[in-house]
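Think of it as A, B, C and D in the order they're written, each chain with its own count starting at 1.
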Amino acid sequence: MTSTAEILLALFLLTNIVLAGTGRLRQAIRLVAVQGWMVGLLPILLWNWTDAGAPGFRVWAVAFVNGAVKGVALPILLRYAADRAKANFELEPLVGFRLSQVIAFAIASASFAIGKALHIHETVASELAIPVAFTTMGTGLFLICARRKAITQVLGFLAFENGIAVFGSGILLEYGLVVELGILLDVFVLVFVLGIAIYQINRTFSSIDTDRLNALGDVHLMHRRG
Amino acid sequence: MIENLKWLLVWLTSALFVADLVQSVFYIREADRREGGDHMSHRTYYICLSAFFGAMVFALLSPSLPLMWVAVELTTLVSAPLIAYHRSRGALEAMWKYLLICSIGIGLALFGTMLVMHALELQEKGVAEGCRMWFKVGFVFILAGYGTKTGLAPFHTWLPDAHSEAPAPVSALLSGALLNCSFFAIARFREIMPAEIAGFCDAAMIVFGILSVAVAAVFMVRQTDFKRLLAYSSVEHMGLIVILFAIFMRTPADPGRGALISGGEIVGDAVLGLALLAHIVFHSLTKTMLFQTAGNLLLAFGTRAIASVQGLGVSMKGHAALWIVGILFICGMPPSVLFASELGLVVSAPFWMSALVLALLFIVFAAMMKVALAMTMGTPVAKPEPVPGKMMIVPFTLLAILVASGVLACICISIPGAWHN
Amino acid sequence: MNILTFLLAALLAPLLPGIVNQTKAFFAGRRGPGLFRLYFDLAKLVRKSCPRSATSTWLFDLAPSVSLAATVLAAMLFPWGPGHGAFASASAALFFYLLGTGRFFTVLGALDTGSAFEGMGASREVQFSALVEPIVFIILGFLVCLSGDVNLQGMLGDYDGAAWTHHAFSLILIAVAFFTILLCENCRVPFDDPETHLELTMIHEAMILDNAGPDLAFILYGAALKFELLAAFLVAMLVPKLSIGPEAKTVVLFGGILATAVLVGIVESVIARMRFLKTPQVLLGTLMVATLGAVLYILF
Amino acid sequence: MQTKLLFTLPIAAVGAAAALHATAYLHGEAKKHLFRFWAFFLATLASMLAVVYAPGKISFLLAWEAMGLSSAGLVAFENTEKPVRRATWIYLLACHAGACALMLAGVLLNNPDAFLAAFFCAIVGFGLKIGFPPFHVWLPEAHPAAPAPASAVMSGAMIPLGFYGLLNFFWPVCTAVPYNTTAGLTLIALGVAGAIGGILFALPQVNLKKLLAFSSVENMGVIAMGLGLALVANSRDGGSLFSEIYVLSFTGALAHVLNHALLKGALFLGAGSILRQTGTLDQDRLGGLMKRMPFTGTLFTLNALGLAGLPPLNGFLGELLIYTAGFLAVRSGSPLLVAAGFTVLAALAFTGGLAAAAYCKAIAATFLGEPRSKAAADAVETPKRMWIAQLALFLGSVAMIPGTIFIVHTFAVGIGENVLLTAATIGGALVLLTAALVALRRFLCPRGAVKPQCPTWDCGYHEPTARMAYTATAFTQPLADLFAFALRPRKHLIPFRGHPATPTDAALVTETDDRALAGFWRPLFTFFARVFQRAHLLQSGSLHLYILLILITVVVLLVAAFAS
């Protein structure tokens, strides 16, 4: 069934490119949710059914929790935060959407190069997993840099986390539990805190536009003094 | 070595926690009285502070690498609210940046952890040529990830904001304990790296160390905010610590210079080992003392602008003494243990590196002394509202410890051949 | 013998300004004040009282005595005659530094009166002497090379005549340099004109405006003695060891001194005093000349 | 061991005298200020002794740093003044940079092949304390800022410790054949630059302590010349002549260390007395103090005479030794040594002449003539202690005359001893003869006739005022103009204003800054500060930029990882 896994990974790759190109907040959130479901599915699909037999409870658990959190809980939380922060639906890019897509594509190809260089080995469940993971992480970070709103940065961060998750389920099925837990905890509390933060920021700054968030820094102090 | 480091850091963190807890009792009450405004409840503050401490100790003592990662992540999550103790715009912005940058760092660290663990697995399977690359890439992400938390340039960008906006005891704890913990994480990973990529790892660490010292030096010059100044000095010292560690790792134990023995086997060169440990400990103590003093000054003057804090020698003598001595100590002027450790670095590093580091440290010294003198000497421009004397208890205690141990250390190193033990 | 020659020199000193003046008078077609004018002046001055400025202090009283004493001691160091005397191993540095002490006190005495003119003179004096010092010591170094002896008495004329056949050129350069120094140090034309009586243009005379009576006598005599000393130095420097014997050299020495005085007189009557601003330039040139002489001697 | 003693002597002597002076100098200061002063003062003395008797390299370094810090505390004594803050900063930087250079030197010293590198590091490190140009910047800043007793100790006893360090750690190898020529020529070059440059800048200073500070640079230069000549002579493995040159100029340099310590210490104390009695050190506002402060004035004159290196005082003997060494070097026939000899002779002579001029000016402008300000007019003599301290140091330097002869005698060199003996004898004779002449004068015009009767002759003008007297600036103007290319004096002319019939006062103000500071160090520091401030743009506060930085760095690291 590895082939299905690879189809899934290919779709995953696509979501990144689309994510880079999308201009609407809700759509972006939806895309991240989709990624979450895929992250949930991956462990099952990557499971070597033929000679490992049916996966144990742990794998199922991890898969389920992953899907539930990344695919359902977080998107809802994010939407809630977005509504609460009265963010309008535009993403307000610093880098244009077309250019973003090109860059995402570049990231993808670069990560395939890296994947090649990394002598991917039979211990890896899927040849594709690593490059896709790299791509997703790269896209996520890129989105954080390239979108203006605080909430979009959270979104980018989630994509980044998804990438790591893909990687984890790609290579570390045997002993990945702790790590998975780590991710969950991380993402959980993170979004929780981010939600509060965004709420606070919104209340204090009457906007979640992070351009308002660069008062601190040496240049600024310099000007104030001068 | 890692064992010594671990227990040392556990004790150090606990000590600092106690010191900052005591200082908090005075500080936040005083801060609320003066600044008022919207702030988090004291109960939450103390809970977060304790959780912060717990997370750090957990990170130090965690048996496995993933657990350590979880703990380090926890430290981020519980320290973030502390930074935003005052719900001021600045504080919130600082918290936001801290949260986002550190989370990204942590994510990278997680990724690195995965890579390294996979590499370890491959190593067990005996796949030599494959796992080397995995290790390398893994270490890259570890260095970037935990380096973000350690405050290595250019990942340090959250540090000045967080340190300058947080309440003084929190800044002290961040700078004195948290940075060390995440450095410890790097050290742990470095230790398990296979020998053939050790060169790459040490080179990378040295580059980042020197870069950190340089960046700190650049940003200290014409600095106008004394808490930011201290923050950058933390960046500088983290750089020094990383350099020391890297050189320590690549210097074989030389019986001529004496070797550091832990748990029966020789773990490395004595000079460097002791220098490293001493530098970590005394940077933390001195920096804690300085941040607490800075906090008092902030309360007294209501501003972090150096320009408006002048003539402490006239207006607040005790703090003037704390400030000038503390800054002399952090710059590694004898009798400061940091002098001994920097000397250790200079005598063991290759010449070009010692020269470069000394030059950068000279810039740092020039910048810091300019500020220190500007604040302590001269005539007051603003009338401070002095803080209660009990807020000087902890800093002065720390100062006493520093001076005593410094004198001791200087006597030790000045005895020829004292290194051999 | 040595003592006698010293006394002779001491007696002879005041004659030299007379000679200079007579020479100038001869060239100017005047009768002139007479050879022994200075003797009479001194005799007159020692009988006068010495009024002094209310501003001045003990330095003013002390200065003339110190400078005279220094000059006399320098004269005692000088090998007037054959047979090295008590101070066989006196350094040439000592010789010139004694003159320096004399100058130091003269300047202080001048400044002690708080007079603008004397300050002006003193300022010029220290400027010129500071510029002269290096030239002097380069010449001394040359003499050391020439005679192979580091003592004053040894380095003066203790070399054999062969030097003149081989190194005439550098010897002449050095001689010219030293003669310039002699003029400058003794405040003669073209550096300074002792005849003028416009304070603004004087150096040495300006410094002693407020001195009178015995003080003035000391100063005048000291100046004359210094003049004689430098002249003697010039002569002794140029005359090598003579085959006839040391006595002959003493004769040559005193003859040379008188001749130098005449030479100075001639110089003073043929050229005019130059502007003070040009003096450093001239002294720089002199330095070049001296250095050139020394270098040429060492190289060839 | 001898060197240790030799460098201990100034510390003890100047320290004691300065302490005595300070008891009166600081009279009336607040209790805690006094405590601060004495704490730092004693710490300075102690650490100086520690420097001399440090057993090892590290302990030496520690003592060195301690010395710098404690003396910085002294410099910062008047902590509310702005210039004092600047001076303290510059001084601390100098100390720290010196210590860094010394660390490197110490490291290099372990490697015998890198000796020359170590030597140059040490030249920088110690030169920052000694005040070799262009490292002398801190002296003219710190000495005027510090209280007089402190500057006396620092200038008299602390600065030469740099030479102690050189002698202690580098001499054995320096004198060995492969290195000594380079080392010697370096020292001579620095010495010539320091001596001439120092005294040239001392000349036009109107602030008395600044003048003294620059003259310290000069004296250190003289010492360096002596040591350098000794080294060059030693490099020629010739016969007794060379060892004679070596010993002569070496002992000459050491003797000069002592003289400078005692006399410069005394001079700084004198300057302190003047500051305390008049409240100013600006020589154009002083004058006429010889009548009002006779003891201080007389002692200052005598000490200045000694430090100008004129007989009969001891200052001359040290220079005489170097001169003699120079003469011998000229005679030696080895081209390098001859050149060195001529250089040293000319430079030393030039320095001597300029030093005489500078001290004449200092004495005259401060003590002679009529007072130029009310402060000077109202001045009275200091308490006994203050001038007794200076007297003690002066007598010490007189006692050094036999001392110097003894030093030379112990090294058993025929010529040097004779030269010194003659010089000393002549010095004595000078004193006696002067006494005789004074007596003669007194006999010629008896007491009554000597009484002041008239105002100074001012070309017939009958109401001479202090404003007419030559000021310090005017006195040195010809020399200052002559060397304007090096000194770059700043002249502000305040012209006549108002109606020609009723013009306002015009004035010409001339200041001469330290070129090394104004022309080199300050521009350098400002340049770097500017560049760094540009770099602050990186910390502009934009989160996007920060994360981009992280991204880029990671990519670079990955590339590096794959490349290596």
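We adopt the following convention: a residue touches a chain if its C-beta (ideal position, glycine included) is under 8 Å from a C-beta of that chain, and two chains touch if they have at least 3 such contacts.
Computed from a predicted model, the values in this text were never measured in an experiment.
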Touching chain A and chain B alike are D
Sorting chain pairs by contact number gives first C-D
So the chain most remote from chain D by C-alpha centre is A
The distance between the C-alpha centres of chain A and chain C, rounded to whole Å, is 98
Separation of the C-alpha centres, chain B versus chain C, in whole Å, is 75
Dist(centroid_CA(chain C), centroid_CA(chain D)) in Å evaluates to 33
Dist(centroid_CA(chain A), centroid_CA(chain D)) in Å evaluates to 69
Each of the following residues of chain B touches two or more other chains, namely 96-97, 100, 104, 137, 160-161, 219, 222
Expected list for chain D, residues touching two or more other chains, is 533, 536, 539, 541, 543, 547, 550, 558
So chain A residues touching two or more other chains come to 114, 117, 141, 144, 153, 210, 213-218, 222
A full list of chain pairs that touch reads A-B, A-D, B-D, C-D
Listed in rising order, chain A residues that touch chain D in their complex are 94, 114, 117, 141-142, 144-146, 153, 210-211, 213-220, 222
Per the touch rule, the chain B residues reaching chain D in their complex are 96-97, 100-101, 104-105, 108, 136-137, 139-141, 143-144, 148, 154-155, 157-158, 160-161, 200, 204, 217-219, 221-222, 311, 313-314, 328, 331, 333-335, 339, 343, 346-347, 351, 354-355, 358-359, 361-363, 365-366, 369-370, 373-374, 376-379, 410, 413-416
Contacts from chain D onto chain A in the complex sit at residues 533, 536-537, 539-544, 547-548, 550-551, 558, 562
So, in the complex, the side of chain C touching chain D is made of residues 46-59, 61-62, 64-66, 68-70, 72-73, 76-77, 87, 89-94, 97-98, 100-101, 103-104, 107-108, 111-120, 122-124, 126-127, 129-134, 136-138, 140-141, 144-145, 148, 150-151, 199, 209-210, 213-215, 218, 276, 280, 294, 298
Counting only contacts in the complex, chain B reaches chain A at residues 64, 66-67, 69-70, 73, 77, 80-81, 84, 87, 89-90, 92-97, 99-100, 103-104, 106-107, 110-111, 113-114, 117-118, 121-122, 125, 127, 129-130, 133-134, 137, 160-161, 164-165, 219, 222-225, 228, 305, 307
